[in-house]
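There are two complexes below, and they share chain A, which is joined by chain B in the first and by chain C in the second.
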Partner chain A sequence: MGGDSLSARAVVVEYGSVPVLKGVSIDIAPGEFVALLGSSGCGKTTLLRAVSGFVKVRSGSIHIAGRDVTSLPPERRDVAMVFQSYALWPHMTAAENLAYGLRIRKIPRAERDRRVAEVLEMLGLGGLGDRPVTQLSGGQRQRVALGRALAVNPRMLLLDEPLSNLDARIREVVRHEIKALQTRLGITAVHVTHDREEAMVMADRIAIMEAGGIAQLGTPEDIYLRPRSPFVADFMGASNVVPLTVGAAGDGHIRVEPGPDHDAAELPVSAGTGQPGVHLCASGPGTVRAHFRSEAVSLVPFGQDGPGGVLLRGRIAQASYPGGFYRYAVEVGARRFLVDDARRLSVGEAVGVAVPPSALHLYDAQPS
Partner chain B sequence: MDVSGDLRDAARDRPAGLHGLADRIEERVWAALLVLPALAMVALFFLYPLGFSLVSAFQDRAGAWTLDNFRKSFELYGGDMAFTLMIACLSSLLVAVLSIAIGGYLTLGENARAVALLRWLYRWPLFIPFVVAAQMMRGYLAKNGLLNNGLVGLGVIEPLQAASLLDWRGIVVTFVWKQTPFVALMVAGAMASLDRSTIEAGRNLGAGRLRILVEIVVPQVRQTLTVGLILSFVTMLSVLSVPMMINPNAPTMITVDMAYRINAHGDYGVANALGFVSYLMAGTVAWIYLRHGVRRGAGP
Partner chain C sequence: MSALLWIPRGAVLGLAAFAVFSPLANLVLWAVAEKWYFPHTLPLEYGFAFWERVFAPRSNAMASLGTSVTIALFTVLACLAVSVPAGYALARLRLPWRGLILLAFLLPQAFPSVPVYINVARIFYAAGLNGTIAGVVLVHAVHGLVFSVWITTAAFAAVDRSLEEAARNIGAGPLRAFLTVTLPLAAPGVLASAIFVFLESLDEFTGTYFVGVPDVTTLPLLMFNAAMGGNYQIASITALILLVPSVGFMLVIERFLKADVLAKVGH
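Presenting the complex of A and B:
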């Protein structure tokens, strides 16, 4: 079936005088699955709606398969969208919902019926075609919504948080189903979500959106291991922050100067995605913001050396058990970090937080 | 409340088996007392006059039972009954088309200024009484009225071709002008509360706006549209001023005939028989609606 390319150039969208997209550019290759990931109000849904034609673009351009669609109405853009609320038509049966796009395309009845049966079968909805959609479960409605978009053999699929109304277990199943279908059919897909894991599992590339712009665009590993800014690091889970003073040590290493809660250390710098060492985004020596993930560090008994990296001295302030491991809030100076560890420790105990070099992401303290 | 407390205390003193029964009786007494004023109003001002006029449709002046009133009604006014039904049906149909068009434009229109203007304009006739509307239409639709003068002025028709529209067409135009805003208000409200993404989903699949209106929006507001049309149909059946002022000559609507029987002849029997026919028309429509509503409610 194949997919279309999508190219957005400096797209600006304003609601009244409030800018929602501030010049977004993105290129998506045919057959690629791209997730637009961000928190509420970052503009991810607006970007999707600009592509589908439901919001007017103030300036900039949008091309689908090389065709300028910037000023085309939604009905002439030939993209298929799956809505967050499913947007099924309650006065029609599941099969009628699926057939609607085919009817508009004037597909003969026999062909239409065959295609609807095929889609019902493909989505595991066999036998439910004659049911009014109001009598289907949430998961079934979601499939009908997806099927309605797929029935017209689209070359581009736009997904607006289609899984957010499903309960957690079904969501995981449907996630993989959608990804498998998209890969099999070779359609280009743009998926809006605020769920990090969903984006990581489904997408070939992820665009992290922040305040109407794209903060970083890359593969899931790239974004996870080498977040380009403190915002992306924070959004991707590296939300523990500690200020460090660093200096160059030469030969692919940096030197961490001693501080009130840690000793000096010399750490290797990572050369690229997947390479061990510190992810260095700071521009030069001086004070930097160091981000790290709770699950990437470990606790060592007070006074013992860690496995290498930076060892922060602190005290356990709070403990909880989310399942499988313990989660501790460790006080280091005036800061608190969340650290996961398999051992059971008691509140008030002095511990060391061992942060290995590969867990550290360093940024300029005052981002320019 | 004190009385209720005392009763409850009394109930508590009784043997166990009687408690439930006493409570139930007490509840019913209170329920009856609460509903009594409203019930009395309905009985006094609605059920009694309605019953009285129904009964007297089947009585002669001496009070004996007879079907003469109906025989006479059908002999004299059979044509007017058909005329009334035709006017009410045709007007309802036009009201439906126009209110869907107005609601549709308010919901799907993309020119914000035109939508705002229409939203402001379309409700005006709601605030104009039927009698004033009828008077306005007399000036507008008469042989030398505003409409014909305008058409002659524009060169669309010759002065000799100008004809009065003050017949059945005048009544229909007035009813439609007066009732469309009411139904449009209800329909536009229902359309505005639809999940907008159901409309967007249609456009996304390639449907134009007219198609969306007919296939996606109207089916979802059908219930509201039906209620609005029924209320409007019943209103049109009962209006006297419009047919009286625009087209008082035969054939006319039965409200005019009823007024004539009473004012000119003091003939309450035939007037009530005509009233009964008008109940039948309204009742049939209500019955069709209820049957439809119940079937929908029961679900397949």
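Presenting the complex of A and C:
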């Protein structure tokens, strides 16, 4: 089997005069699983629909397996899509839904029946072939939808939030099933989702989409540890922001100038993914925007030294117990951060927020 | 006090029942009356002699029933030929003036029918369509297109677009996707609209009168002539015959027209 490559070049899509995709380019290798991740309205579904041929591309080009499909109708693109609503045909049984694509390809009846039975078996739907799809559960429908796409032995699978209508518990299982199936069959897959964890778990590479463009494309690890812009950092959970003034210190270090809520510090700069140190994206010395994750920092009693890095002085403004640890809203100057800690502290207590170097992502301060 | 409420309730229900059923009862009485004249309240003699005359193989009634059904079937075909493509287009494509187009099909209903049909008759006369089945079918079709286009549009709009896209995605061309997915799913609504058109055509009088007379005699025209000639028995029996398909089909339509289709009518 195996998969096809996909290459989009400067794809522009407009609805009326509203630009939805503003020149998106992406290259996907055969057999690769790429997730398009973003919040609603970022253009991720539109990009998928442009690839499948359901929206007109204003300019740019789309190639599948080296073939220019930009102006081909959907039925001639040879991509199999799984719809968010499943889009199963209610006037057919599960088996008829699966057989539809084979019938169009004029596969002889015996071969068709064999293939349908095989797909039903592969997806754990044995014995449900004769059921009308309206009598299947949500999880079963989802499998039939996936089966309908897989029945025609596609070389490229397009998944449009296929898991968003499932229970959280089933979703976890199906995630791994789809990923395992895709790896085994070697199909190229493009998966649209707004669920960060889903993208992280399933994809080989993730494209974070923002306002009709790709903000960052990389491995899950890369995007998590080295978000290229404040938007990506924010989207990937590093949503606590503090302004810092930094200067060069030489030899792979930067110097954080003292501020009203913190002392001076000298921090190592990370050399690449997985290397310890500050993730430095700011272009030069001066005021920068520092992003960090709540779960990467810790609280230290007031006046004590932290484990290294930047120590922000603040006081606890709010406390809650989500289970297993305490979650505190810590007030530092005029800002509030959420910090998780195992110790029980009371509201109003002065604390230090210790941000280790590896938790810091520094970006140029934007005029805001 | 409340125990006596049944009196006004009973009176209102009784009046309503009288308003609905007394003309029908009168119709049934006339249909089985052999002899009935003033000042007698009820027929003097009952019998089925007139039924034999109506149902005689060579009778005018049977011939006009045949004409009526023929015209109704052709009207249905003519309407579907327009409303299936038009309904699909109105439901799916982003047409400019969509609302106006839908409204245009209502126009024939908006004007007083007699002057419209007189003018239609004049034009048809010039075109040689007066007194022909084709002419009557055309008149009925204009009338039926309202139901047909509006209901068919709603039926197609109720079919989820992604169902069609799924068919296209898996390799079906536009026509194949339409025939195997969209049309079967819209079929109940399309069938309901066809039944409406059939019934409308079967009952239509004014247009047939101006365009069809004297060469085309449908059942309503026969009934009119019989009633005008004082032959209430024949008129009543034809009226009862016309009632059968109406009631029967209405029961069928009620099953076919689902809430999701009705919700889309006129949208």
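By our rule, the second predicted complex is superposed on the first by the 366 of 368 C-alpha atoms of A that agree within 3 Å, B and C clash if a C-alpha of one lies under 4 Å from a C-alpha of the other, contacts with A are read in each partner's own complex, and residues count from 1 in each chain.
As a working rule, a contact is a pair of C-beta atoms (placed from the backbone, for glycine too) under 8 Å apart; a residue touches a chain by one contact, two chains touch by 3 or more.
Keep in mind the model is a prediction, meaning the values are calculated, not measured.
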item: Joint occupancy of chain A by chain B and chain C, clash or fit; value: clash
item: Touching partner for A:F54 - first (chain B), second (chain C), both, neither; value: both
item: Contacts of A:A80 with chain B and chain C, given as first, second, both or neither; value: both
item: Touching partner for A:P132 - first (chain B), second (chain C), both, neither; value: first
item: First, second, both or neither for A:L244, with chain B first and chain C second; value: neither
item: Partner chain(s) touched by A:L6 [first = chain B, second = chain C, both, neither]; value: neither
item: Which of chain B and chain C A:V353 touches, first, second, both or neither; value: neither
item: Partner chain in contact with A:H91 - chain B first, chain C second, else both or neither; value: both
item: Residues of chain A at both interfaces, chain B in one complex, chain C in the other; value: 52-54, 73-75, 79-81, 83, 85, 87-91, 100-101, 104-105, 148, 152
item: Complex interface listing, chain C residues touching chain A; value: 160, 162-163, 165-174, 176-177, 180-181, 184-185
item: Chain A-touching residues of chain B, taken from the complex the two chains share; value: 195, 197-198, 200-208, 211, 215-216, 219-220, 222, 300
item: Chain A to chain C touching residues, read off their complex; value: 52-54, 73-75, 79-81, 83, 85, 87-91, 100-101, 104-105, 148-149, 152
item: Contact footprint of chain B on chain A as seen in their complex; value: 52-54, 73-76, 78-81, 83-85, 87-91, 100-101, 104-105, 132, 148, 152
